[in-house]
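In the two complexes below, subunit A is the common chain; its partner is subunit B in one and subunit C in the other.
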Partner chain A sequence: MSTRWLHPGAWWLWALGLGAAATRTANPLLLGLIVGVVTLVVSARRPQAQWAGAFTVFVRLGLIVIVIRIVFAMLFGVRVGTDLLFTLPSATLPSWMAGVTFGGPVTVEMLVIAAIQGAQLATLLICVGAANSLASPVRLLKALPAGLYHVGVAAVVALSLAPRIMINVRRVMRARRLRGRSTRGLRAAAESAVPVLESSLDDAINLAAAMDTRGYGRMTAAQPAERALQAGLVLVGLTGIALGLFAALGAASWGWLLLVIGLLMATGGIVIAGRRVPRTRYRPDPWNWPETITAGSGILAALAVLAGSTGTISLPLTWPALPPLAVLAILLAAAPALTTPPPPLPWRTA
Partner chain B sequence: MSQVHAVRTSWRTISALILVSAVGLIAFFWPFVVSPDSLAADHATDAPWFFALLLPLVVGVLMADISAGGLDAKGVAMLAVLAAVATAVRPLGAGVAGLEPMFVVLLLGGRALGPAFGFALGSLAMFTSALLTAGVGPWLPFQMMAAGWLAMGAGLLPQIRGRAEIAMLVAYGVVTSLAFGFLMNLSFWPWALGPGSELSFVAGAPLSENLGRWFAFNLATSLGWDVPRAVLTAVLTVLAGPVLLRAVRRATRRAAFDVPVRFEPLVGAGRQ
Partner chain C sequence: MIQFDHVSFQHAMSKSPVLHDLNLVIPEGDLTLVIGRTGSGKSTFLNLINGLVPHFTGGTLSGRVIVNGLDTRENPPRDLAGVVGTVGQNPRAGFTTDTVEDELAYTMESLGFTADVMRRRVEETLDLLGLAGLRNRSLDTLSGGEQQRVAIGAALTAGPKILVLDEPTSALDPTAAEEVLAAVSRLVHDLAITVVMAEHRLERVVEFADHVLRIDAWPATLEDPAEAMRDHGLQPPVVRLGQALGWQPLPLSVRSARRQAATLRLAHFDPPAARAGGERVATMQGAGVRFGGIEALRGVDVALRSGQITALMGRNGAGKSTLINLLAGAHRPDRGRVSVDGQDPCGLRGQDLLSRIAYVPQDPTDLFYTDSVAAECAATDRDTGQAPGSALGRLKSLVATVDDDVHPRDLSAGQQLALALAIQLASTPEVVLLDEPTRGLDYPGKVAFAQWLDTLARSGCSVLVATHDVEFVAVIGDRVIVMADGEVVTDADVRTALTSSPAFAPQVQKVLAPLPVLTVEEACAL
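Let's look at the complex of A and B:
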């Protein structure tokens, strides 16, 4: 199979689908299966790039979350279960801190529930980490809607400038060392900030001039009616979102309706703003069968788990059963390891 | 001396900023106002995920509005370079809690270039630094919102100059560094603990009780990181603030943001 980059949106949909599946099940076997599938796909399709190392960072973060969850459960958790392990010394905080009680008896059930709930969060983080290390960030920026074109340009420039600024910092530090001045401590950091910032700001002015002469950051003149329509959609839409949220939090069911209408209007505002930016994309990432299969398998896993498993843990604890439909759907989500084209090698990255 | 606005601030941009901030406030503070009968109270651990999907959308709407309302090539370049500086200094901080040096850049950028530009700078810098370190996660939208507020606030402070300005920025930096940690805790408070624990929020409980539980949660988790961050922001602002602010202001003057562009016929040029 020839190499090419998969559309970053496909990887994110796949990962978020599996992550959503993880939040919907309290079955440790299914959670373990999701982690296994994600790890398999990442090891098969991870490109050789610096950002691809994110997966291990997120796995470590997930483990930390499980540990924190267990410690918090022992200290502050709900005292449930009958299988007593040990008892922590207990104390109550003063009333201005809500009279919180910590410590007390620790049971097997408490620890198991905390570990499973921690594993849910950890699985979700691992899915997000998979998306981080599979989808190229710069390609994700290319897929931004046209209305966000200017901000997208700023983000791309910032991403390519940031490593150069780090090199600049190192250069200034070397110059300080050659002059026999200290390179440690806050004062050195503050003093070296000035030349670094000055040269970066000079870069900004040059960049602006270069962009101006090449026509970046321009947009077509808007008709007054169109501009008013866009402003109206954005402002009314945002108002709808804010009011809808507030009403929904107050348990008014029409709040959700208002929220959805507001979201649609605000999105319409972005689309209309994008019409003023007549741009073509250079070599856009295509959306072909591999993308559809990848995104679809993730969403399918989410739906199957939603249908076939429960998110609550019932006491007394029992060994979890394996719902066949959910298992099958999660296993299918491993398909991208084979069906997607492998990423290009580093010297051919674009 | 009046303030430079790198982004033209029309009533439209201002009202969009206010509305997006209102949505952001709800996304952070909903545990204090949620009714026990609402859907969000039943799904307390899922609600942060819902807001993590909603916030990028409203921030995106705001960004589209800012760029449609007048972000020219100079604005884009200035935004990009300051975001790059903030992104570059972020890893210099200590590990996971290392947002510290970045705050100074955001503070000074928002201060020198106005509140609307500040908001764009704060959220863009959070976004690019997350992309560069591959740290895109559910926390990112909340960080973008909080960092946007932080930089916007620096531009909204009264326009004074000299030592008084630095003193004001130091005080502001300390308060916002602490507030940033408290806000980030607030954003994952509902799902970090799950419902029912001694430190979890209780839907519909009186405000004072939930505030107390939130404070106890802060104490138990992150106050040990928030205080050093506030101190470092203050020290860096005192040491580097005056020169950096001057540098940014000089560059802003050279970029001449508020000068209207006019096309005039060249006198005596060409043969016509």
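Let's look at the complex of A and C:
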């Protein structure tokens, strides 16, 4: 198959679909299956680029989340279950904190519930990490509507500055050692902060100047009323999306309504803003069959899991069943590993 | 094309103006070379044309700059983007996309060109600058010269009438610099683009210039290049040679000097011997380093001798910085052995390190962490247990005119280098390692720097300088190591190395070949 970049939107829809599925199921087998499918696709289609390393970072972050969740459950969790493992020393909290427990008996059920809840969040994180390392942030930027472009650039520049800061840290630490000074401890960190920040700031200013001389930020004049309307629509709309998503994932039916209204308002604001940006796009990534299959398989997995799972853990614990519909849909989401074109190699000529 | 009308400019925090009452007109379709000492306002002058000064930098501008009929006071840089194309000092820092093709299209996208025009212009530019073979390459995988050509192409696609280039060849090896300059001269000749270029490395560019603007002369006017070259502070070797020998007209290029040197080439020349050096103070045996999948060094053997200046040369990415990092102990080799004064440099810390190795990185400011020259010197004295004032004394012996209260980042490039040396030479090290030290130095700065290095070598230090500057190597080098693709391809005394390859030959040698003469002083003694 000839190489080309898949539309970044397709990867994001696919990953968010699987991520949504993860937040709606408490079945550890399904969660494991999602992680497996995501890892398979990432290892098959991850390009050779610096940003493609994001996946491993997110996997680590996920593991940390699970550990923190379990530790918190042991210390502050609600004491449920009967299968006692061990007992932590408990403290009596002052009366104004009644209802919060500290320490006490730790049961198998508590740990299992905490691990599953941590795994839900970890799976969502891993899905987001997959999107980050499959879709180039710069190409995603190209696909953004013109009204979001300027904000998007700020976000992408911020993302690209993090690795640059790491490079600067390494350079300054090396220079420090060569001045015969210690490279460990608080004092070393404090003293090298200044040169690191100065050189990172220089990088950012150089980039901003270069972008300015290349026409970034060019806009046609706008009426104050129009500008206010646009800003208002975007702000209220985004708030609506955030609240709506929260409620919808928590299974409140009015959440969906709020989500749709918020989306409409934000879209309106972005369209108004886009009219003032004269940007065009050079050879935009096309949306063809591989894109439809990729995005579709992610959404299908989300729908199948939503239909068949309650998202709650019932006691006493039983070995989870495997709902055949959800399993099939999640397995289908591995299809992009084969159906998508591989990404181009960085040194490919002509 | 570009008109400066009583232009003065003063930075926000400074006490005196950088540019004062500038009155001149830069004609259409010519290449104008802006020269002047470090810190004389060359970059400020260039950024007046693209509007970054004052819109981006702040400061006080008086007078008017009219670019193609547009007043820069009313038009910010983004609105001048279609008229002025700009390439900054470090092209990599200004790239906004991933691949060559997208980078070329970026300005056109911002200005709202239609898809078919963009497609056509990108194809034309790829051909014009010889980039067609690189179109899908990731920008990170390009060499320095390729990056510079992509940056020039990206500035060209939107069809500007003016191209502003800030030191386009300073960071490049000789061959890459030639590629870039050939591309620029093609733009001037074939497309009638007005080019305004600042450059320290006059030996590379002066022959291409139609006019020279000495920015620190008063009044600054456009001069004929041959006239401007009579200024002693700016002469590249070929001009110094012509002037010393009274040649008329004054040669600006190797070619015109060669015509006048026909009789000189018949002279007899006994090359003086370079310093052979003493004992081996640092050695590297079969050293290999891998970064990811790329082999940066493949089995390198090098020995540095005391009392000798060794120049390390080669293309960008050939492995020079990696080799220096190994010697400084900043990296551990994946295979092979490195030893400095009988010790593994990776294990050295504190005083043990300082008394053996002094290292000045490519950007000397990495070494500074306080807010004034005086504080930096005092910290060095404390670290090394020397009497207060020792480091400051060393600094003053290198450059007498340094203000103690200045922030190290605000020093000129030459002063930063001097401060870095003053700090690093506290404990009389055996090996002095310098990575691209002459970048940003003007000719007088280089002469002073060459004297410091010579003094160091005389005192018994082994000096290793990684550099692209063949003229500098011709003056100071005893021995030259040339690297290519992670391997040492030449390790010879300076005369053999610089006369055997046209890419590394200094100007005087090109004029007088086949005589193995390297410097103006040697040529004058013929």
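Please note the rule applied: the second predicted complex is superposed on the first by the 218 of 350 C-alpha atoms of A that agree within 3 Å, B and C clash if a C-alpha of one lies under 4 Å from a C-alpha of the other, contacts with A are read in each partner's own complex, and residues count from 1 in each chain.
Keep in mind that, in the parts below, a contact is a pair of C-beta atoms (placed from the backbone, for glycine too) under 8 Å apart; a residue touches a chain by one contact, two chains touch by 3 or more.
None of these values were measured; they are calculated from a predicted model.
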First (subunit B), second (subunit C), both or neither touched by A:M211: both
Contacts of A:I270 with subunit B and subunit C, given as first, second, both or neither: first
Contacts of A:A131 with subunit B and subunit C, given as first, second, both or neither: first
Touching partner for A:L178 - first (subunit B), second (subunit C), both, neither: second
Subunit B versus subunit C as contact partner of A:R60, first or second or both or neither: neither
First (subunit B), second (subunit C), both or neither touched by A:P344: second
First (subunit B), second (subunit C), both or neither touched by A:F246: first
Subunit A residues touched - subunit C or subunit B, whichever exceeds: B
Partner chain in contact with A:H150 - subunit B first, subunit C second, else both or neither: first
Shared subunit A surface residues [contacts with subunit B and with subunit C]: 153, 191, 194, 198, 203, 207-208, 211-212, 216-218
Subunit A residues within the subunit B interface of the complex: 23, 51-54, 57-58, 68-69, 72-73, 75-78, 93, 95-102, 117, 121, 124-125, 128-129, 131-133, 137, 140-141, 145, 147-151, 153-159, 161-166, 169, 186-187, 189-191, 193-194, 196-198, 200-205, 207-208, 211-212, 216-219, 222, 230-231, 234-235, 237-239, 241-242, 245-246, 248-251, 256, 263, 266-267, 269-270, 273-274, 276
Complex contact set, residues of subunit A against subunit C: 49-50, 136, 138-139, 142, 153, 171-172, 174-182, 191-192, 194-195, 198-199, 203, 206-218, 278-283, 344, 346-350
Contacting residues of subunit B [partner subunit A, same complex]: 12, 15-16, 19-20, 22-23, 26, 30, 33-35, 37-40, 45-46, 49, 54, 57-58, 60-61, 63-68, 71-85, 87-88, 91-92, 101, 120, 124-125, 127-129, 131-138, 191-194, 196-199, 209-213, 215-216, 219-220, 232, 235-236, 239-240, 243-244, 247-248, 250-251, 254-255
Subunit C residues touching subunit A - in the complex, by the definition given at the top: 50-52, 55-56, 76-82, 84-86, 88, 90, 93-98, 101-102, 105-115, 118-119, 122, 132-138, 140-141, 154-155, 158, 325, 328-330, 349-351, 353-354, 357-359, 361, 363, 365-369, 380, 383-384, 409, 423-424
